[in-house]
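Here's the structure, in structure tokens; my notes come after.
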């Protein structure tokens, strides 16, 4: 199967490399990954504002993926930008890492926390959890206070991730951690060993959910994501 | 005070006229209304897709409003497109008609219903209600199955509004109705008489909330809508 | 418009003065305020017991307001005593400061806390929040442990308010504060500056909501607040 | 043990007789019942207004009961008027039939409905259920549209009760019925036979809960129902 | 009336003695208690695994109780093992101490905590509270970290109970405590004095609820606990 | 990978065949399926009673699976019998079809319904949904009124499934259907075509979730499913 991964930020070599590497590690032998950054949008996503200006270009790429025969699309950002709008304009499965990670968290945990980058995105998670109906099992969203584009400072990032995850476990009673930024790809395994509880990598979660839906030949319900009526639209 | 009203669709003479007329009817003597349609976006908003492509231009106009000394902004569409992103980029109050109408519904009703245009937007209301935390008092969202741009057929629209509102009252136990599209501006009074229960016009609700916040000298909490960090953004 | 403000305690000169001063500061030019204390009831409201014995006299005054052509009534106590019973016996809007403040909090905050007088009233807020359906956005109710009639010791009150509000922000993740007693009228502005988050003064919130409803010509739904059937009642 | 039952309406011979008869049928051999109507209040309770004007006299009687050595008090009306205020002013258990019946419903049912008198009290049940935190197991409140003082027309009342209960079972998926007015005392047994599901009589439920608490030597937590501070109160 | 108490663990002299002693202390004069341990099952219940292997033998004993004319059955363990399955196979009331204690907690508290034995059972309480729909009033479950079979070290147990209960009150805002293991029978009175808030002993709570249901001649709704259809079953 | 599938009923040739056939259809090339019925338990699962007596043997088989090097276990019944107890005694992923199907439903639907066999199991789904925290997105559970062992009458079963699913869509506003019994394996595809909305087959859902977790090298959190302490247990 062919999965199209949208990295919803402006072209970033480092990010693209990490993304390809982790998705290929996660892919089944019969899964082919194609990755694409945005031509228009923000350098990173750290606010609802960033999400909003990334979305139009994301939606074009989702449409492109369907028109070019891809089996599924992943919008590779933990804010799930444009996810629900995208489902209106295509029939193939469109996967958001937050929704996919949280759905999977329900089968391994009792309460899960998301540990993410900046405080500025905590509201995004709170609202998303409520809109998705996941609040019963949600322990907390916590931030490590490191911007997306500085996650590459690996030692600092790992130390902060471990520390905030421990607080989530002790103070918020989480028993499972979700990495709160797709830029943290590759860090789940080590963190899981350090913490002794499951750590969900959104890269893996979204790809596994994509593969599952394609295998099952099901996609989002068009009765609730109907195709938008034709009309004039200037973009 | 000066209130900037964004009609988040492409220029539409009829719509602009109705909007200006109703906002001026609603305005206090000391409130000055300025109205603006979008240069880029959809001809009407009937899907999350439409909302997404309208949002970048909405955000520019919100910024413009603050820079030009307006006291508050209203994003005049019942999907509240771009509302929460907008609050990140300005300090003046930004009002969404759905949020404002539902907040006001809490002080006059026990259970409220939204009666809107097409079925395709029902999910938008369901998710919005959950994300806003209003589900305890929400009776239902119902559609009259008339597209936004055909609302001007007044007789048909009013008949359908009355009918669906009655179903909301009898079947869903609503005791108050919110008009579910800003294109229904001007129809609340007649409907209220026909139904015998309060009917909230989102135009009025958003302007009254805007005036209230400006009087009170409060705006959205920047601690939860922080200013997005600077970075490269191509729009 | 003419708004009738019931101060639901026995006559108290200091309180009446503060109340008149703050309501007149909050009023639009075309809003005329009339204030009245109770002839029967408690010296202050700090328990459900106090609310209960204040209510019969409150209800008489609500009726009086309607019969004398007032456009709206405010029951000026954060316990909203008699609010829902009052709506059964009149058609003009009856406003409770807690309900009004919390409704407005939804358009500026993600999570709000109420900072009030004594611990003895915390249950009142908890139950009220649940009965109103506002628990999704409610961070906490906190007390400054100062009785209503000692709020006039301004320095102490302000210091305690600032301290408890900071705890609400840090420990309960509130991003907006509601003053939890109408006797704190006039303290919102200073507190807002000290905290850097919106502080809602219930005096202002109730008057702005009253003015909004009167402008909109809507009132509570009589279908859910029906007029009580005639019968013998000895009071 | 001695249980004081407050019938929170003006003296009504028929009502007093029914109440005494049913409570004595429900009482254990060692339970002595004393019944008292109000000197001030409404002829029947069918609105929040009626509840409010009944409450001051109810509270006096609750105090009287404690001062005269009763072991528990029951406020014999399904609106639980004055229940929580009463708990502030005494230490002996104060029981409300709605709270008691709903608590017991949790150990025999999955979903329960309340079938009550007039439509005008449906909001009372809805708010009470929410304030008590019972909404997860609450199927509905339904009315038979017969005023309290006409319940004595037994045939009509029973027919209407059976009919509305069946609707609760079929349409609202209730599996257990709570009689929604203490004036329906004595009708549970027949209704239970007709319906084939448990029917909870609030008279029995409140007395059994009262006897249980007295046996267990526990009462309401004074930490959450603290004694109101002394102050001037004119009643 | 005759109440059959199942101690759902392998025969344990000490436990049986304590159980008989406390149930007889709790029983009304006309209530006769019969107690029985399991022939197959675990030595104590400290996990869902223990509950699962205890359940088949519990169910046999429930059936035995009905066939031998008992009026009610109590499954005397705070995990309520087999409770809902048991209700399918008999018509007499089957009582679980957790469900009974929590139902009673609703009429004396605003928020209750359960203080139990090992951390390993905390999830059991969390899920049970959610499945029963009691989360609105549930403050927390806390563990004293002492295994069931070591509860007999009275001093240590009491000290730990007091300590954790105080944390529940201060940190989790509980105002009422439920003893979280039937092996703590007899410790409620002393703890209640030490804490100054109600402490519910599950032994007493289940017996009082059993006596109440038998008096009221109601049992669980067979419409929601239907008799399982006949079929081959090898046990 | 090797997945062990427990069919939690007594040996049934027809059932085993269907199960093997459908799991092998669902399996990836590198997934090997081993299927096993129970030696002790019920002929089918249609009650909580059936679940309870099936569970001890299920738990033995789960243990067997881990000891024999299987990578994951599926308990192939929509009641998820023994699921959470099983997770206490092993470290490999244990999958329940209801939990897995509902988790997946969250990424394709807004509201999902379960269409199952007998009315007697509807409560099981209601409680399970609440215990799992999925009630926000759950539309309904509906029954086709056909016992498990008569599902093989294919025409009747399919007709009834289609009919009840349509009611779920129209009356309960579901947009996605979950087959409510693993005995319906193989019927999803046809039903999906007939309905035009996604239909989730629990066989496929559980296997895809199993494969996903094994790929991701994560399992349930032992911090919340701790290994039960050693003790005497007679089974």
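Chains: A, B, C, D, E and F, in written order; residue numbering restarts at 1 for each.
One rule holds for everything that comes next: a residue touches a chain if its C-beta (ideal position, glycine included) is under 8 Å from a C-beta of that chain, and two chains touch if they have at least 3 such contacts.
Owing to the predicted nature of the structure, the values given are computational and were not obtained by experimental measurement.
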Exercise for the section: Just tell me the minimum hop count from chain B to chain E, counting one hop per pair of touching chains. Expected result: 2
Problem - Copies chain C and chain D touch via same or different residues, half shared test - result: same
Fill in the blank from the handout: Superposing the Cα trace of chain B on that of its twin chain C calls for a rotation in degrees, to the nearest 5, of 180
Handout entry: Centre distance in Å when chain A and chain F are each reduced to the mean of their C-alpha atoms
Key = 27
Exercise for the section: Could you put a whole-Å number on the gap between the CA centroids of chain A and chain D? Expected result: 52
Fill in the blank from the handout: Per the C-alpha centroid definition, the whole-Å distance linking chain B and chain D comes out as 44
Handout entry: Residue list for chain C, restricted to those that touch at least two other chains
Key = 110, 123, 127, 130, 133, 136, 224
Problem - Each pair of chains that touches, named by its two labels - result: A-B, A-C, A-E, A-F, B-C, B-D, B-F, C-D, C-E, D-E, D-F, E-F
Exercise for the section: Using the touch definition up top, name the residues of chain B that touch chain A in the complex. Expected result: 10, 39-44, 46-53, 55-56, 59, 82, 84-85, 88-89, 118-120, 123, 127-128, 130-131, 133, 147, 149, 224-226, 228-229, 231-235
Handout entry: chain D residues touching chain E - in the complex, by the definition given at the top
Key = 26, 28-30, 93, 95, 99-100, 102-104, 106-111, 132-137, 169, 175-176, 189, 192, 196-201, 204-205, 208-209, 211-213, 215-224
Completion exercise
The answer for chain A against chain C in the complex is residues 123, 126-127, 130
Fill in the blank from the handout: So, in the complex, the side of chain B touching chain D is made of residues 110, 136
